[in-house]
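Here is the structure we will look at.
Lettered A, B, C and D in written order, each chain numbered from 1.
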Amino acid sequence: MKTFNPDAMGEKLLRRFAGRTSRRSILSRLGLALVAAPAFPLLPVSRANAAKPDRSPEAKTNFARNAQSADDTKCTYWRYCAIDGSLCSCCGGAVNRCPPGAEHSPVSWVGTCINPDDGRAYLIAYRDCCGKAYCNKCDCDGTDRETQLYVPQLNNDVIWCFGTTSMEYHCSTAVLVGTA
Amino acid sequence: MKTFNPDAMGEKLLRRFAGRTSRRSILSRLGLALVAAPAFPLLPVSRANAAKPDRSPEAKTNFARNAQSADDTKCTYWRYCAIDGSLCSCCGGAVNRCPPGAEHSPVSWVGTCINPDDGRAYLIAYRDCCGKAYCNKCDCDGTDRETQLYVPQLNNDVIWCFGTTSMEYHCSTAVLVGTA
Amino acid sequence: MMKVQGKSSLSAKARHTAAAVCALALLGTAGAASAADPLQPDPELEAVTLSAPKPSWVFVERGFVVSGNSIYDTDTGKMLGMVEASTLSDLALDPAGKAYYVSESIWTKGWRGTRQDMITVYDAATLKLKTEITMPGRILIGGRKYNFVIADAGKTAYVYNLDPASSVNVVDLAKGKFVKKIELPGCASLMPVTGVGFSALCSDGSLATVKTAAAKPEITRSAPFFSATNDPIFDNFGYDGAKQQAVFLTYTGQVYTAKLGATPTISEPFSIQTAAGVSPADTKPLDVHWYPGARQGLAYHLATGHAFVLMHMGEYWTHKAPGTEIWELDVAAKKVIKRIPLEEAANSVTVTQEANAKLVLSTEGGTLLILDAKTGAEKFKLEKSGGGVLRTLEP
Amino acid sequence: MMKVQGKSSLSAKARHTAAAVCALALLGTAGAASAADPLQPDPELEAVTLSAPKPSWVFVERGFVVSGNSIYDTDTGKMLGMVEASTLSDLALDPAGKAYYVSESIWTKGWRGTRQDMITVYDAATLKLKTEITMPGRILIGGRKYNFVIADAGKTAYVYNLDPASSVNVVDLAKGKFVKKIELPGCASLMPVTGVGFSALCSDGSLATVKTAAAKPEITRSAPFFSATNDPIFDNFGYDGAKQQAVFLTYTGQVYTAKLGATPTISEPFSIQTAAGVSPADTKPLDVHWYPGARQGLAYHLATGHAFVLMHMGEYWTHKAPGTEIWELDVAAKKVIKRIPLEEAANSVTVTQEANAKLVLSTEGGTLLILDAKTGAEKFKLEKSGGGVLRTLEP
């Protein structure tokens, strides 16, 4: 039974996005923060992890039991188990792509969602698309394993527009990062 | 039978508000505009008036037939026959007074409304309260004798926040100017 | 450059579709054999880009509280993107399809601070900000089609101002520069007049025509032909830039055709109700008739010269009431050739300038409704997608 | 100065009432004899002014799309005014009742331009802008009570930031100056600690306490006492500044009491469900229980030490679901003493700090509901008046 490991997840995400965003100011800020703050918020859960909560895919939430993989413009689409906001797929973008003129935030909050087709748990990065007014279509609010502000990378209320030209929130994507 | 005279109305209003707002920049702008533009928009209807439309109070509109004088937080209150927006009386102000922190526009669009108690037609100045975000309560849209943009002082869609510190629209008042 | 971007857009779309197909294939495999490889991580994708605007597109001004212009394709019912815009701004389309223009007013501190009036220019392919053209003030009203108009095949913009004296900013879009301000006392709603400047409707019931080229702009006025206070012409009228013609509709339903030019000519009016075989309306408050109304109550199909008008039953001075029927009027024939009843009353109507035109309506409840103009059949019903002014691409 | 303004406000109100009475009298006369004099023109009136904030007032953060904090009097159900505020801003009340503080972020050109972070200060009587205190960045999130808190009897403000490293701005409100920035890795949600600085909840399940006075702020952490990822404490908890006490509630319904100080002590938890005589909830997704939840799901009445908690039936990980019942919990007695069923589910709850307390709820449909806390009886139901965080005056 695979146990959810938010620590490994944080590292993976950091590698994934920070590594590709050298042109953005976010990288230097992340680097600085990592040096300055040992308990940097993107990797804060090492101690809490000692509790080893049951996060196995088998313990399915209501969302997971009813999730589908056919229509990514519906809140029930499996990747949206912890999304909050307008779906970019309804706003001219795609499940993993920004609408025209919007900018993908290099960092994001994350979720662990179960694909109904293979039963596997996947790590999903909810990368906001920024720099345009609130799309206000297909508003969804998945809350599987969503926590509070002191664990910001697992909180879906934060405006995750860091390192983008503008911090205006437009919509949210659900980028598949890998297995959880 | 009294005929509605928008010309006299314009002059009256101009005297009323321009005369009392010497501390505001609007006065000098009004003065300048009156010199520069012979057909200044606050007094443009002299020629149209030749048509002498029937605007007698006896030809009551649907609004006037159903108007009341008891509750100025309802759209049916008699003075609101041509108002558009949130009623200041629902937003911490009064029928003729701005809510705290809002600023009364010295100029306004106007309407001619019939008081159900005395049957008389009165000139109402719909003076916007400005400098705060849209109140968004008790939204009303009276359209008696409301015209289009080329007669702006009889159009209720214009943001009538001229000569105020901020042009942000908060709510609208209905100030009784006198008999029409 | 546009061509290249158009191509890149297409190929990006093709790649995206391919990826989607791949993903589905993977899912299919995974479903059949659960021991199969897990899904692969998504590739890093740039934002979607757009083709040049198409006649099937509609631009929906979202409104006073939530600003921005949503773009929908009436062929698919899908939202394609949004042209960013401040509240009470106006959108205009570059006739060459390379840019979107937003005439807007922004304060440095939200509701306070320094006022900044500008035309903001967005690239039509990327929807990214290209430049800002600063200018003097503009009117704050929203919901009007003719306060920001493009003339001279996209080279010039006219921007209406009310402060509360009225004037027009002339902006050179090609050079990205404000040129001059023209006083326009007592008139509003601008119609570009080729080789002359623009015309506007006036409070004395006339049509003003402004020659903009001269150092001192020359304003002439037609004889008054309508009553601006008793039976006003709706300021969201019909306009045909190519034919230099406007179709005016009054509160009572009188229809005028204006041939624009240095000396415009205005037709005798006729009643849209008479054209439909029903009793003509009048200005008497107590009588009940079919009246035109709504916020954007007239859509004009240029190729056929047909106007689509939102009509409602009621008394006079209900000119903002939403329409419960659309009347299709053959303006030249002075004949209403079809009446389409609406399930939900509509505040705005526009028509795509396609051969198989579609009507787009914004309803009272905020739904965007796309109908086949020929049959009235509903093609798409998009909830939470309506708004203020609806705009389509014109040839 | 406040006294004088309070008086002037009262006398203005009295004058207004007198005018209203006069107007009614005139109307009465007019109605009786139609030949009477017509109504007199309205006098020119200054904007209404407010008294110092009262315990019966509630401040309603209107939300993400329409910003601003509406003020309602729960005694009358009337809106008194609005404290202007940008989107995603936070409001705080001056304990002396002289000012309202808004912690906000504004760009010079709407969605673009230069970012400006500030505490904007409004006069409590006139609601007019008094001054702006500029500061470094702050978090953009909205809907949280403890990202902007006032300490030291109104002299100091703490402003939480996430960029995405977390820190706290210390602002001297008395001098109107930003003082310093304190790094606060892995913690958030600020509780002022008298004579020390502030405490915050941390991702390792501890409570951090920050001594702010030293040149190099000293951060100590309690032993971890909760699981931040498995059974998190809602970050909109209960806080009593006078008693220096916080009441924490977790997703499963565990209740902790923390005695704040240089070395805080945290009680053993108890289950709110057990306190109500129902089966305690757990973190297993498949089981169904009563769970606490909503956006602002806990209101704390300081004088009685009673917490009012929004509860719903459901499975785990439904912590944002709106509440269908309010449970009144005597925290010290560990006893739920009343359950109030709600006709419409609520997203936020607060309580007035009056002896005869009132509950204020913002429902799913945007209604503001005012209930008698003792009986649960509905006092006012105000449509289109709900929103995000609800705030009341605390002693």
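One rule holds in what follows: a contact is a pair of C-beta atoms (placed from the backbone, for glycine too) under 8 Å apart; a residue touches a chain by one contact, two chains touch by 3 or more.
Keep in mind the model is a prediction, meaning the values are calculated, not measured.
Counting C-beta pairs in contact, the pair that comes out ahead of the other among A-C and B-C is B-C. For the pair chain A and chain C, the distance between C-alpha centroids works out to 38 Å. Between chain A and chain B the centroid-to-centroid distance comes to 51 Å (mean Cα coordinates, whole Å).
Mean C-alpha position of chain C lies 43 Å from that of chain D.
Averaging Cα coordinates per chain places chain B and chain C 28 Å apart.
Across the assembly, chain A contributes 131-134, 136 as residues in contact with two or more other chains. In chain C, the residues that reach two or more other chains under the touch definition are 65-66, 84, 111-112. Taken pairwise by the contact criterion, the protein chains fit none of the simple patterns, being neither a path, a ring, a star nor fully connected.
Here the chains touching each other pair up as A-C, A-D, B-C, B-D, C-D. Contact residues on chain B toward chain C in their complex (touch as defined above): 6, 29-30, 33, 36-42, 44-49, 51, 53-54, 59-63, 107, 131-134, 136, 141, 143-154, 157-159, 161-162, 165-168.
The residues of chain C lying in touch with chain D in their complex are 65-66, 84, 86, 106, 108-113, 116, 129. Those residues of chain B lying in contact with chain D across their complex are 16, 20, 69, 90-94, 96-104, 115, 117-120, 122, 129, 131-137, 170, 175-179. Contact residues on chain C toward chain B in their complex (touch as defined above): 64-65, 88, 105, 107, 111-112, 115, 139-144, 147, 162-166, 183, 185-189, 200-205, 224, 227-235, 283-286, 314-320. Within the complex formed with chain B, the chain D residues making contact are 16, 27, 30-31, 34, 36, 38-42, 44-50, 62, 66-68, 71, 78-84, 122, 125-128, 384-385.
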